[in-house]
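Naming follows writing order (A, B, C, D, E and F), and every chain is counted from residue 1.
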């Protein structure tokens, strides 16, 4: 048991390159705290910049997937990879974006028991296939997505988010990244009426 | 998406045998709600009685394991089995008994990242071995537990709790049991100071 | 190599609570010997009582499954779990109840090669799904069972037997339970005419 | 359910090449029946000849392994491959050669629970590694065998028997080969005194 | 790193039985070098003879599969078994027989990405099923092959080649067989025009 | 069979943003052809920029790993993921950087049979752990790397390359990316003297 958030050195604020410090301060401003992923990856500024550029290109872009749906992909695939940081941090964001206090555990523990609409179930099954057996992705998978109303550009988005968090989960495990305590408590109050 | 808590008929209160109704009312009195496992399993009164007798024999007995540790075993092995009901319901109980708002996700997602003391880490590794590859349990496993201060009676308790929830997880999946909404929100406020 | 039937202390007859001694004597009367599961689990009287109450609630109850079919479920799922005690003990009971000297090995080694009628094949496939990937049980599985003439109550029975022996197999592995020699020889003589 | 012993045509005795008919008659003379593997593989005479030449080169040769030990390798690896024919047929031969009515089930269900002497346990662990993850065989495995008194030539024998039955199990599954009823009953009477 | 081609003694030419020396000299005459499998297996002359008799019975016989298709089966299943010798040696033969410099890597890395015609894709899927989960082979697999124009005798050939190389791969791993350097360079020049 | 290099639209040169066209022309200048990954990912310019920025931050940076060693990590982990594009393209680069015509197949098929020096063997085992079971990465893994002379910064590099190609392999599978024919033939001539 330790308070360390990384196996690697975590730079102090004054050591950071200006652009990275600016991004971190902006996040702190907005969220009230600095998610540890920013501090842990700042140990490698070039990788930090590429990581968040990639993240934003997938998670902040317009497109057919809602922001909550993108977070569902992150939580489902990260749970499959047993990544504590991503399940906890993106579980919090998912609860807030979906306005649903129960959604993150439902998605993380068992997509089949999550009582999702068919569209989101199909989305997550494709994401999990990309995450865990991408070599078997085939034309029929795209057909299944189209049958649920997803365009091929949506399919790219689903698969690319799963692919990016395959990277992200592995970096969290490599660095021993630990989630901020704040994430555990976020979005717990708004459980909609369900069974 | 459905509000059903079971694939099978759920008896109304007036249909229940007296002893089962009494137990259910006692739980409701104590908890403020009736956990769905009581209602779902009441469809089969004889199995209900045996199930809770077994549960109490393991979870309420005295012994070397704290009540929080017993719940840790339930959460870790149920997460390995992707059982939404048990992860959510016993995750709530674990947070309350451990007085730790972050413990259930830490244990459910990845025991290796849970930052547990060596005793609890060894306890959960044995429990997971019983849950997922019990045919490989051997004398060396008992040695490892003794090295952490567990008696052989404690080893029985750890293994038997893992074994009982192997049954319980499967009954939850068989019946399509859904966790009560109340569990998701319980014990979220008391996060101790950690990274 | 050892003659021990358990890793844990096995109570002498005079140490047993009256109800447990009575049950053991009744079994001995009927079978001519005491199956080791009774002696091994008697180390924990409360768990013993719950275990056999649960066992009897599933294996002795009336219902759509024949007694031989219930034993087929035990043998198939216990073989999947590599549980020597249950395969040998229930293999013996299966041979006797099915009046078929070859059935236990056929079911234990490979259900697909067991040359079973479609009803029993479907029953065992569902039991194996509950035993090994219960988180994937879904509505379509119940449809498949209905197509073979099973009611939903039968489906509960199949799944609950698989679930109970998930517990039982793990207890056998935890305790190092060894089958009585008598089981190996029982029911070997009545092979019906098959290839 | 069918009485067919193969998915492929089984030649009548008068259709067989002389050498193959002679071998089959010799087996029948000795055993009192013709094991189905001879009839099923006779569909391809050249493969039949190579198969049994290979079999005899491994199973009938002199060397450090007893005949019973060779059959233990066959039963353990064939059970791992879920091959009904080989488990049943070689289980019968094993019981007879080992003069032990319980040995075949002990080895087939769980080598760890078979209560074997360390030499035979090590032998079977190496055989199972060759059968199921041969790409991981390494120098340390040979050291482990030497520590139990096996020469490197014995190691070849153990591994080659596992390799040959990797072929044999797959041919049995390809052809749908079914074991003769006689095998199930052989060697059941001589259980030595064990727990 | 070592130049050894086997963990076991490799006989010098003058130590070889006449028939084995003759076969080796004939191969050397034809190929310009002696593939290491001949030298490594010559340590056991009886097994050598059976091995190559079996090999020739499957790989040199007439039938519905082209010689290139047989090599495709070898490469695909050997890659699944992580067998360096067979992937490299038979990859070379496959490139030459198929007159395609890219075919061996396409088949070895991912059959689904190999851009094969449906007939060859079906052939390899059946071969991989025999290689990796032969206990699940069933009547529907033969139907699928017939739908692609394969006779049942072709199905035997496909399955038997997969079965034989299950043996061969394991012998290569047991002996630590290393591929000749010559194989790596063979057939690299003839890449047909593809993406 | 198709000549398509992607399931998604591939932009024509004149459609490309200036910076991306410039990068592609520079690669073509240097290599004599445009590797398909540049054309396939150009469908999404923002992701293209982040992808290659990340790639260069890991593969072009100074550090304790040679360029050939970085390519070994790519080939080993991509083979584990069955990614044809990355195995073929980076296999070519690896052969050239290592000046070894046999290294790519040795690393791709079975790291254990690749006859690598202990340092590179340890490097690849860590990379494969990050690729396939990163949740189990622990302090002992870093100790093992230090014992082979790797600094913790080297460990980050090894793990981060494995993590980046976890993303890359999944993008190749998502898009159906096919390797250029040129890669298959590159670096085949320089096999050093090995068994």
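Criterion: a residue touches a chain if its C-beta (ideal position, glycine included) is under 8 Å from a C-beta of that chain, and two chains touch if they have at least 3 such contacts.
Since the structure is predicted, the reported quantities are computational estimates derived from the model, not experimental observations.
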Overlap of the subunit B and subunit E neighbour lists contains A, C, D, F
Output for shared partners of subunit B and subunit D reads C, F
Residue numbers at the subunit A-subunit F contact, same meaning over half shared and different meaning under half, come out as same
For the pair subunit C and subunit D, the C-alpha centroid-to-centroid distance in angstrom is 28
Taking each chain's centre as the mean of its CA atoms, subunit A sits from subunit D at a distance in Å of 51
Cα centre of subunit D to Cα centre of subunit E, whole Å, reads 24
Taking each chain's mean CA coordinate, subunit D and subunit F are separated, in whole Å, by 44
Listed in rising order, subunit A residues that touch 2 or more other chains are 82-83, 110, 113, 135, 173, 176
Among line, ring, star, complete and other, the chain contact graph is other
Note: in the complex, subunit E contacts subunit D through residues 7-8, 43-44, 46-47, 49-51, 53-54, 57-58, 61, 81-83, 130-131, 134-135, 137, 139, 142, 152, 155-156, 159-160, 162-164, 166-167, 169-171, 173-176
Note: in the complex, subunit E contacts subunit F through residues 1-5, 36, 79, 82-84, 87-88, 91, 101-102, 105-106, 108-110, 113-117, 173, 176, 178, 180-181, 184-185, 188-189, 191, 193-195
In the complex, the residues of subunit B that touch subunit F are 110, 112-113
Seen from subunit E, its contact residues with subunit C in the complex are 135-136, 138
